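Scroll down for the structure; my scribbles are underneath it.
Order as written gives the chain letters A, B and C; numbering starts at 1 within each chain.
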Amino acid sequence: MPAPWRTPRGIITVLLLLLLAVLPLLTQAFDQRYLLSVGTRIVIWSIAAVSLNMILGYGGLVSFGHAAFLGIGGYAVGILSAEGYESGWMQWPVAIVVAVAWATLIGALSLRTRGVYFIMITLAFAQLVYYLSSGLAAYGGDDGLNISRSRFPGLIELRDKAAFYWLCFALLCATLWFCSRLVHSRFGHVLRGARSNELRMMALGFPVFRYRLAAFAIAGGFAALAGILLANDGAYISPAMMSWVKSGDLIVIVVLGGIGALFGPLYGTIAFFAVEEFLPPLLDLLHRGWGEYWQIVFGPLLVIIALYARGGIDSLLGRRHA
Amino acid sequence: MDYLLIQVLNGVQLGLLMFLLAAGLTLTFGIMDLVNLAHGSLYMMGAYFAWTLIGWTDSFVLGTLLALPACFLLGVIVEVTVARRLYARDHLEQVLATFGLILFFNELVRAVWGPDGKSIAVPAFLNRTVNILPGVPYPAYRFALIAVGLVVAVVLAWLVARTRLGMLIRAGASNRRMIAALGVNIELLFSLVFGLGAVFAGLAGLMAAPIASVKIGMGDDILIVAFVIIVIGGIGSIKGAFVAAMVVGQIDIVGRAFLPDFLKTFMGAASASAAAPAISQVLIYLVMAAVLVWRPTGLFGQRS
Amino acid sequence: MPEPLLQAQALVKRFGGLIATDNVALDVMPREIHALIGPNGAGKTTLVGQLTGNLRPDFGTIRFAGRDVTRLPIDARVRLGLARSFQITSVLRDFTALDNVALAVQAHDGHSFRFLADVRRDRGLRDRAQEGLEAVGLGRRGETLASALSHGEQRQLEIAMALAGEPKLLLLDEPMAGMGVEESQRMVELLRGLKQRCGMLLIEHDMDAVFALADRITVLVYGRAIASGSPDEIRNNAAVRQAYLGGEAP
């Protein structure tokens, strides 16, 4: 089996990671501050997308409420901040624990359902969290809340854009590393086997429900991490972080990048942001003023991708070995 | 007491509206196994079509009557171009494609009708009150909604229970392959069902418009409640959709009406008013969760 | 008289007005091949479903390995030692043959909540999986994707997966289905060789295989067990001949 890095896909991925690793240096050199902020958001959303890929891509669980975990992560940090608990050492673990606990609870209910019911119930639970947060008048309600960033005294200052970016990038790498280990671990094989044929896995003796629940909780935890970073990025939390549209965007990203491909979520996030950035000016070139309505093109594009390009970008980069 | 009665009626009215929306959804789900997120867009288009047609004809009744076939046509077009290709696909692809349709329709509406919300006025002949009980006035328009909703529900029940089309629908909901094997023109049936669902959705949208307003994305949040309703009722079951819609309507309205007072007993007034709508929404999802724990395929759903 | 491995008593299963399982009693002894035969629609699949845990009987009990398993879920029964192979080939298509068996071994190797160690480097697991493949004659096909195996090879893989957990009882749901003459003979040899390792409940239509392998045969018609006994007894049973074997001895 050839070394995975020597394939076209491998080369592109390595180059991409290198580019991301040195982005703050590049943006400083070319004085492109906006680009760094876009890059930060791409990295953060990639973490969220990787977490969804764990359960959707590898596990076959179409969760339509994943953005809720981002929201929980962000709100936990935001609420603690607003109440005066600004230490990141305290906030971040609490946020992740809350998200994992919630994921376990709703997972225990949702994973008893199948197919369409599962999609709907995850969506509904996300809406529940969404409405709860927009009802929290004390924390901004619908308008959201400005918060101070988490403090890590002596270690890192999150207001420093470059430092924050590198923190996010490091966490993305850690998430990708964990995911790569997960996929080929005993746990990962059970999850993937269950995606392939759940009944068969039960007939082999695996209590599939338990494994899926664990995966659901783990994915929720990583998504909360992304939410924490998102809240710190803009120093702002709002229910919009967890609207069902965001959950839908995450699914788009994962499918776009390539389901069940390790770096798929990264490709997908970049592609998604790229479309948002470049499709409008492209349309404006064709006809002035059309750019504003870029989703009239994007929408059908998603339909086409769903019908004809299921493998996503990852499949365009060449065949994968098992 | 009168206040309670009015709220209950409002709950019935909302429930019937939700039933219209949910009925089409549960049919496409049950028969075509299609997760159609764009059903809310059909709701929205009904309202926009009505707004335009009422503007052209200067008549509420004529405008709404013309909007219905327009919705049917739209439904059939969507079915033939997109939905049809999704039946054989797995749910993820259906979610992705119909999500794309939502974006498309929202932007289309923005391009054609502009970003500002529109309003449809309650027609003059319904812009009054009726006394449902002596001394208890109730808006005539809402009363008309209840009447129309009930009529549609009865017609739909008759259609499903007593006509050939209904029989095919019921058979299809439990076994799609079998009705194909019976030599029925499946493609036509599916187009019909989809179109019918679009009419119901559009009808709900245009009926809701004078009360709720016409704006971009108006169908998207309601759609989720419609999904909750069909999950509670059981996918493919019209009866289930009706029962669940009634329950949800009551919870939503009565909850909104009485929760603030209940919450004020242990919360500040401002927090109570802000929290109440959120909590009544939350209640709906809790009911869904409870139903699914008890019956994972809904109250009247098919048990596999 | 040794304790039966599997003992089902007074099983009843109704679907609406249809009685699919009509007061059936069945048992399998250790190191025995007990065949279950019957015309299509006799209720074999329903009966098997109740034994594996896919269906819950309306009435009756099922005991396995000395325990009452009537209400136990599918996976719990498997962990007690009740394995099955599927009538419609049900291997994991996206995995290689070796990975399929490795997963089967893994299921009986304690819990799988291990997130970091690479399972592809787990020597112990892979060696045992390889042994499992060789036992069914697929020793050289380990790296082939399960979807790329021939039909017969997939059936062999099914058996290998069922055996991986060292089951006490193997429930074989039409293992000969869709096989040619040579493949069937190989399968018969394979199954005969397994008798010492585990008891078997064999559901089959292939009468040659049944009479070649079975120590005991039970005949199911319209949900009822109309006869049960040695192959000779069944061969000469008039009711069975009429209902199933077409009035002629094979």
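Keep in mind that, in the parts below, contacts are C-beta pairs under 8 Å (C-beta built on N, C-alpha and C of every residue); 3 or more make two chains touch, one makes a residue touch a chain.
Please read all numbers here as calculations on a predicted model, not as lab measurements.
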State the chain with the largest centre-to-centre distance from chain C, centres being mean CA positions. B
Chain closest to the assembly centre - both centres taken as Cα means: A
Can you work out the whole-Å distance between the CA centroids of chain A and chain B? 31
When the C-alpha atoms of chain B and chain C are each averaged to a single point, how far apart are the two points in Å? 49
At what distance in angstrom does the C-alpha mean of chain C lie from that of chain A? 43
Among chain C residues, those touching two or more other chains are none
Touch list for chain B against partner chain A, complex: 29, 33, 35, 37, 82, 85-86, 89, 91-97, 99-108, 110-111, 220, 224, 227-228, 231, 235, 270-271, 274-279, 281-282, 285-286, 288-289, 292-293, 296-298, 304
Complex contact set, residues of chain A against chain C: 178, 181-182, 184-190, 192-193, 196-197, 199-208, 211, 214, 322
Given the complex, residues on chain A that touch chain B span 56, 62, 64, 109, 112-117, 119-121, 123-125, 127-128, 131-132, 134-138, 141, 244-245, 248, 251-252, 255, 259, 293-296, 298-303, 305-307, 310
State the interface residues of chain C toward chain A in the complex, per the touch definition above. 52, 73-76, 78-79, 83-84, 86, 90-96, 99, 102-104, 106-108, 112-120, 122, 145, 161, 164-165
